[in-house]
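In structure tokens below, several structures.
Two complexes follow with subunit A in common, the first pairing it with subunit B and the second with subunit C.
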Partner chain A sequence: MNTEEIEFLAEQEEVTIIPKFTDSRVVHLISGDIGPFRAGIPCVVPIWVAKTLRKKHKCKIVAPEWMELDLLEQKLEEEKSSRFFTPMPSDHYMGIAHLLLSDDSDIEHADRLRLTIKNIWDVRVAKARASADTFLKGGGRHAGIDHLTQLEICNLRPLLLDALDTKHQLSVPMENMSALNTSAASGSLSESFSSASTPRRSQ
Partner chain B sequence: MSNLEDMFLNEEEDDEEAITAKSVLEMITDAWVNEKLCPEILPNKAELVEVMMEQIDQMEENVLQLQKTDLRSIIHRQELERIRYLIRSYLRARLEKIEFYSVWVFKNQSVLSPQELAYLKEYLSLSVAPLKNLCDRFPGPAGQLNPKQMEIAPDLEAHVFAKSRVDLPDTIIVHDGPREEEITVTKDSQRIVPYSCIRQYVRDDRIKLI
Partner chain C sequence: MSLFRKRNHYFSLTDVLSSQERVPITFQVAVGYLGELDASAEGNILAAGTTLELPYWLVTSLYQEDGVGIDLPKQYKQAWRDILAADAKVVNLQRLCKYFYEFGKLVSLIRVRDHQDIIDLLIQTLVDRHRELTNWAVHAIKQENEFFEKLDDIEQELSRRATSAELNLSNWLQSDCGQIRKAEMVQAHDRLVSSSRTFNT
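Showing the complex of A and B:
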């Protein structure tokens, strides 16, 4: 999974919008019904719909409940003072912030919100790196990572998993390895390929 | 007997009604993420994909009846594109694994859909036959093609990030050299674990990869 793919998932999260048009017909999407839209009356849609409507100046996007300065500042302090990862208000907090807090966002204080969320992210990622380091040095093959979000995992994945895999491979005793390496040249050519080639003949 | 059959048939119908397009889409999304992150190829979800493709076709026909400038048509089209992307990406992830682990997958072909199996057979015959031809021209041991060496098996000991959907009834056991550790898995807990310990749970959708 790369960051774009996780953003794709974040776009499926729901957000409240205030439409600027009226359409009493319900839109029956495969992912669920949305609408009817009444100008000025908030309604809930997936983020990707909100973005499309916004681009056409058809709606205003309302910030999710958790996207509030005081709340986020508090979260930041909590995150700083805790040794562990604290639960986030949304599994895609960073992705949603990225999607909704663009430069021309409808949401007030977008820049300050962005900064606070980025600070939370930084604290969490730093913590994740530090614990990954301890985990690798301490040994063991499993670790709890409650409350870490997908995007943070994505950030951690390439290095950490690779290191763990390599470490495990190096620690496997030699006897086990030899079974993999030496060519156990028992199966003869024709015998082992017969299975691969029969379906071709039968076609 | 016929009563019984009626009962079961009706039940089946009820079940099908209970599965909405939305839940199928969610299942495909989960399958996509799992497939992307799993070291081996997972059991296929061909029925889900098929159901979704039917939905897409149906929706497409409906959308054609709307005016192109209609806002609803724009949203519908965008959704169709998103779902198609999802399905394509999912199938492509599987094909990549089928090509890479071809010989190994051939031995464990129960996970494949009929189309994927046909693809694999074609792929194997196209890749193995020329290699065999070439090796036949080499003298001595150099010409001995050892199928065991050709087989690339997925590394089931690879580590993955996993999240449990349910409280697991049994503990999972992590082998670390001579040591064994038991872990109790609760709903929504997240861990880094070797894939081999949770393999069966990922396969039956009780644990998802993240």
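Showing the complex of A and C:
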């Protein structure tokens, strides 16, 4: 999964908007109904609808409850002081922040919110990298990580998984390496490899 | 698909290249018809006691014969093991052996006595260098860099992957929204369908 796809998933999250128009028709979709809209009355819609309406100047987006400066700064402190990952207010906090906090956003203090969220992200990613390294060095077989969001996993994946995989492949028994060029070159060679695990006949 | 598997299958170039690295081999008895292997040999016979450095793929077909001894390549010997154990981060693996890990794995297959030692060395080296590699890969803007030149081939691939993920993220953060593209498989399928359609008409 890449960033764009995770952004797409983040767009399914719901947000409150205040419409500037009235339309009593309801849009029926598989994921749920949207509408009816009445001017000035708050209404919950998926973010992609909110963004589309916003672009046409037909609504005002209300910040989600967790998108509040004090709360986020508190989260940042919590994240800094904790050795583990703390639960985030939203599974797509980074994606939603990216979607809602553009330059011409309706939300107040958009730039400071964006900065705080980016700080939280940086702390978490640094922590993830450090713990990945500790895990690799410690040589444990499993590790439990809670409260990582999808975007963070996506960011961590290539580094950690590839390294772990390479490490694993280096240590797997020889039989599993039979796909190698050299062993597949001829029958006698693959035979010599399968016998390599038993003591050599000469010497 | 896993990186290591992708790089090490029958048709993979990296695998061909890594089995091209040389292993020292000593012939304790004279061998007929192999004189061509040694440029300094006279006639067609390889004299007893000759030491040669032959490519791995050739060594695999010789090492089980009587009177043939193989030695460890220098990068897996005690001297280099000590250096790598002291500080693996500063070693220029690219210069030492371009396919350090893959070749090491191969060598461990024909040196049964040293098998575990070599594997331990490879894993320890990888783990020791990983932190540095991560830091570098995440903060790298351009790939041509002093540190990158010091990496073994598989490490370069690892860091390239990590850097591209990081770039992807920072692009996403800067630009407003990206375009979701069709998955490779769907694209291939579309091509297949359209080509078969033209074929039928």
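In the analysis below, the second predicted complex is superposed on the first by the 174 of 203 C-alpha atoms of A that agree within 3 Å, B and C clash if a C-alpha of one lies under 4 Å from a C-alpha of the other, contacts with A are read in each partner's own complex, and residues count from 1 in each chain.
By our rule, contacts are C-beta pairs under 8 Å (C-beta built on N, C-alpha and C of every residue); 3 or more make two chains touch, one makes a residue touch a chain.
As the structure is a prediction and not an experimental result, all values here were calculated from the model.
Looking at the shared chain after the overlay, A:81 reaches neither subunit B nor subunit C. Once the two complexes are overlaid on the shared chain, A:48 sits against subunit B while remaining clear of subunit C. Contacts of A:98 after superposition: subunit C is touched, whereas subunit B is not reached. Of the two partner chains placed by superposition, A:24 touches none, neither subunit B nor subunit C. In the superposition on chain A, A:171 makes contact with both subunit B and subunit C. Once chain A of one complex is fitted onto chain A of the other, the partner contacts of A:133 are limited to subunit C, with no touch recorded for subunit B. Judged by the touch definition given at the top, the superposed model places A:144 against subunit B, while subunit C stays out of reach. Within subunit A, the residues touching subunit B in one complex and subunit C in the other are 5, 8, 139, 157, 165, 171, 183-185, 189, 192-193, 196-197, 199-200.
Residues 2-5, 8-10, 12, 15-16, 19, 56-57, 60-61, 63-66, 101, 104-106, 108-110, 112, 115, 119, 122-123, 126-127, 130-131, 134, 137-138, 154, 158, 161-162, 164-166, 168-169, 172-173, 176-180 of subunit C are the ones touching subunit A in the complex.
Chain contact summary for the complex, subunit B toward subunit A: residues 21-22, 25, 29, 33, 36-37, 52, 55-56, 59, 71-72, 74-76, 78-79, 82-83, 85-86, 89, 103, 106, 121, 124-125, 128-129, 132, 144-149, 155, 157-161, 174-177, 181, 183, 189-194, 197, 210. The part of subunit A that touches subunit C in the complex is made up of residues 2-5, 7-8, 98, 102, 129, 132-133, 136-137, 139, 151, 154-155, 157-159, 162-163, 165-167, 169-171, 174, 177, 179-186, 188-189, 192-193, 196-197, 199-202.
Residues of subunit A touching subunit B in their complex: 1, 5, 8-9, 12, 21, 23, 25, 27, 29-32, 34, 48-49, 52-53, 56, 58, 135, 139-148, 150, 153, 157, 160-161, 164-165, 168, 171, 173, 183-185, 187, 189, 192-193, 195-197, 199-200, 203.
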